[in-house]
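Per-chain residue numbering starts at 1, and chain names A, B and C are given in the order in which the chains are listed.
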C-alpha cells in the first residue's frame, strides 16, 4: 500500500526538524561541552521569565539575533551571488537527509510507512553528489565577497574539498563491496542480526579501518577543527568574513547541519543505523534465549531512538575532538588527504576484496 | 523508482522553501543603516591594498587534475563494487589491476613532488615589495 | 680601566673625547664621525666581541651644546662585559652615521630615535616614523616639545567613497607589476593587511603582507598603536610616580617592570635594599614570570585552534594572579615596588598558599604537556616554523626565551645577578633550532624553573615580621592609624601593627623589613607619620612637589630579566626630583623588529604561531 501524501509530508517535517533541531541544539552543546571540558560554566544567561534551563534558550536567542541583525552587503561585492551563496550552502547541507533511514517500517492500518524520506536505491551516490556540491556555497560566497581574506578562505575550502572528496568516496568502497548495494535502507537491514550469536553485525566490525578513515574524512568535510583551515578564525577569519546577520547565520547553521549529517552517515554505514542490538521486527531476541515480544509501534520507536542516540554519540565525539586538537595548516590537511588517507583507503579496497574472495 | 526521485524533488523544494523563508523573514525584520565605511571591504581596519579578484597562485592546479582522475575512478568502481561478488574472480583481478594502475599514478605524482604544496623549484621572485601603508580610511574615521 | 676602553683608546685615540666608569658602567664619549668605525671595531674585534647591540637611544640636553647624545649600549657574550658608546650631535640638522648595516636591530632603533628626537641617520635604508603616525608634527621626546602640546586633527580632506571602494580597473592597474610565472600561468601577488584589527595581532600590530598564493614573500610590520608616551611621562613626574606607568609596560608581568625601574633608581642613589625585600622581589618577579609564560603559551595554542590548553593555562594564571592580588591588592596595575623597598610585606600564611598554587601550576603544566608537546598536529605546526638563526637573533638583539631557544645561554639573572639571584640554584634552559617549538619548550621549562626559584627563595628569606605586640595582642594597622589620628599616641610607638593586604596602614616592624632605612627614599611608617613630628616632616619632604626622591646627578642603566628578555631602564638624573630622561629597553621590541625576517618564506598560517611565540606585549613594545 502506497503512502499518502500526508505521511510523506510528515516524514519531511520529521527529518527536517531532526536535522535543524539537532543543528540548533549543537550550538548549545558546543558551548556547554567545551565549557565542561575547560572547567567553565558556559552560556547560561538567556532566560525567559527568569527561567534559564542551563542555557538551553541560547540557540533561540541566537536565532532571534540572526533574524533581526542587519545583514549588509559590502559595496564592492557581487551582490547576487553574495546573497545566494549562504543559501546554497545550507540548502545542500539539508537535502542530504532525504536518503538517511531513521527507522524500519511503521505499519499504520494497512499502510506500510518506510521510515526514510526517499527510498532511493542509489542513496549513497546521491549523498556524495550533494556533499560535493556543498562547497559551491563556500567558494561562491568567498569569491562574491571580493575580500582578500574571504578569497584565501574560499581557495582553501576548494583545495580541501577536492582532496577529501576523493578520499570520502574511496573510504566507503569497503562497505559497498560487503553489502553489494548503495541503498542505505538496505545497508542498514544487512547490519541486523549478529556475529557468533552475540556481537551485533554492525559495519564497524567488518570495516574498522574504513570507519576510522571515513570519520576523519567526514570531519574534514565539515570544515571544523582540526580541519578548519577555510575558517581559521585566528588566521584568515574565514570565507564568511564579510557576512553578517542571516548570511552568517546560514553558514553557521551549515557547519552544524553538516556535523549532524556526517554523524548520521557514520551511524548508517558503520553502526547499524536504526538497528538496536537483538531487536528484530517482532521484539527482542536475546542471545541467552530470552524473548520480549513488542508491537510494531514500540519497535519503531526503539529504532528511531536508537538512531538518534547513536547520532548524538557521534556529535559528542566530534565536539570532543574539536575542543581537544589544534588546527592543521592547510597544506598539512592536503598532505594528510593525499598521502595518507587516499593510499590507505585504496589498500582497504584491495584488502576487503581479497578477504571477500577468499571467504567465498 | 521515478516516484522515489519525486520524493527527492519535493524534499528539495522543501529545503529551498526553508532557506527562502528564512531569508525573507530576516529581510523583513532586520535593520538597514548603510554607511560607506560600514560597506567598505573589511581588511583589519585598513584599506585593502590591491584587488582580490586576481589570478593568484593557489598551487593546486596539478592536484585538481589528479582529483579529476580519481573522481572518474570512483565512478568506475561503483558499479563494480555493487556486483563484484557475483562477477567472480576474473572481474576482481581485473579491477585490482585497474586500482593498481591508479596507485602507480599516485605514486608517480607523489614522487614527482606534485603533492608537495611548496615546490622549492618554483620559488618566485621576491625582489619586489614596496610596502606602503594606506591611511585613507583612518583619515576618514578621524574626520 | 677595563680592557675594552684601553683597546679603544689605543686604536682610536684621537676620536675618544672622554671615558668614564660611573657606577660600574663603562662608557666612552666618541667623535660622531668615528662612531660607525668604533662600533664596527668593538663588534668584530676577536678579544672584545661586543656582538649584541642591547640598546640605542638618545638624550636631549636641551639648551646645552651639543644638544643630543646618542647612546649605544653593547654587550659581549664572550667576556660578559658591557660598554656604553656615546656620540654627541648638535643642532641644526642633527645627523649621525647609521649602524643599521652592523646590526639589524639598529634599523628600528634608529627609526625610533628619528621619530622621537628628530636625529637623522645617514645611510639608513628606510628612515620612517616608527611609533608615531605619519602626520605627527614635531618630535615628542625633545625637551622643547611640551607634554601638554596638542596635535592637529588629521582630517580626510577629499576622501570620498570611491577611494574606500576602488573600482576593479583601478585596483587591477595598481597591481599590474606584481606578477610572477608558474606552470606557464602568470599569477599576481596578493597584498594583505594583517592587523591592527585582527584576532591574532591583539589589535595593536599591523603587518602588511605580500603573498604569493599563501606564501609570504615580503612583509612590513607597523607598530605604535598603543604608544602612551611612557618615557615622556616619566620625565615629568616624580621618581615614585613613575611606578604606575611601569605597570603598564609589560602588563602581564608588571612586577618585573616595577623591580627593574626601582633597581635602576636605587643604582643611581647607591642604595641596597634589605635582604627580606630582595627575596620578596624575587618571589613576586617569578610569580609574574610564570603568569607571563602561561599567557604566552596559552594564547599561542589558542590561536592555533586549541582552545582547551589556553583555558587550562588561564586557570593556572588565575592562581598566580590571586597570589599577586593578595600581596599587592591589584592584579595588573600592581605598583607594588618602591624605590628602596616594596610597598608592604607578604601577608600571613602566604608561603603555604604559594606552595598550593605552585602545585596547581605544575599539574596544569603536566596536562598541557600531554595535550600539546606530544600532539602530532601541534608539533607539525610549530617544528621548524618561524625559525631564526642564532646570528640573526643576536643581530636583532634578541634576549630572553627567544634567544635561549636559539641556543645562546644568556640570562640576566645569571650574567648580571641582582636581588640575590646568585644565591639561588636554577637552570637556564636553552633550545637548538630557534623555532617555535623550541621557544615553547624553553618557556615551559622556565615555568618549572621559576617554581624552583620561588621555593628556594622561601627557604632563604629571613624571618619576617612579628604579628603580635609585646603583650601578645594583635593590633590591626588601620586601628593603630586611627588612634594616632586622634592623638592617642601614648605607648603606640612601642607596639607592632599587623599588616593586612588592604594596606590601610603599614606595620612599622614590617616596614623595616621591606623598606630601606634611608630617609631620602622611604616614607616613614604610617604610625610614625601620625605619631611624631619627625615622621611627619619626613613624610612631607618625600611627598611635596620639588622635593621627593632626588638622586645625585648622573646616569645608570640597570637590566633585569623580564619575562620576554632583558628589560633595561636607563635613567639620566639632573639632581632634581624628576628624572631627566628615562629610557625603557623593551625586550619584545627586538622580536617584533625581527619578525619580518622570521616569517619570510613561511605560509600565511605560520604567521599566527610565530607571532604567538614572540609574546608581543604592546604595552612594552609601544610604551
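Annotations
We take it that contacts are C-beta pairs under 8 Å (C-beta built on N, C-alpha and C of every residue); 3 or more make two chains touch, one makes a residue touch a chain.
Note that the coordinates shown come from a computational prediction; the quantities given were computed from them, not determined experimentally.
Two chain pairs are in question, A-C and A-B; the one with more C-beta pairs in contact is A-B. Taking the mean of each chain's C-alpha atoms, the chain closest to the overall C-alpha centroid is C. For the pair subunit B and subunit C, the distance between C-alpha centroids works out to 46 Å. Distance between chain centres (mean CA atoms), subunit A to subunit C: 50 Å. Centres computed as Cα averages put subunit A at a distance of 19 Å from subunit B. In subunit C, the positions touching at least two other chains are 161, 164-166, 190-192, 198, 214, 603. For subunit B, the set of residues that touch two or more other chains comprises 36, 39-41, 43, 48, 52-53, 56, 58, 117-118. Counting partner chains per residue, subunit A shows two or more touched chains at residues 74-76, 148-149, 151, 331. Taken together, the subunit A residues at the contact with subunit B in this complex read 8, 12, 16, 20, 66-76, 83, 87, 90-91, 94-95, 98-99, 117-121, 125-126, 143, 145-151, 155, 158-159, 162-163, 165-166, 169-170, 173, 176-177, 180-182, 241-242, 245-246, 249-250, 331, 334-335, 338-339, 342-343, 346, 349-350, 353, 356-357, 360. Note for the complex: subunit C touches subunit A at residues 161, 164-166, 190-192, 198-200, 214, 301-308, 311-312, 315, 371-372, 375, 377-378, 380-381, 603-608. Remark: subunit A residues 34, 37-40, 74-76, 148-149, 151-152, 225-226, 228-229, 232-237, 323-332 touch subunit C in the complex.
Subunit B meets subunit C in the complex at residues 36-37, 39-41, 43-59, 61-62, 117-118, 122-126, 128-129, 131, 133-140, 142-143.
Of all residues in subunit C, those touching subunit B in their complex are 133-134, 153-156, 159, 161, 163-166, 168, 171-172, 174-175, 177-178, 180-183, 185-198, 201, 206, 208, 210-215, 217-220, 222, 601, 603.
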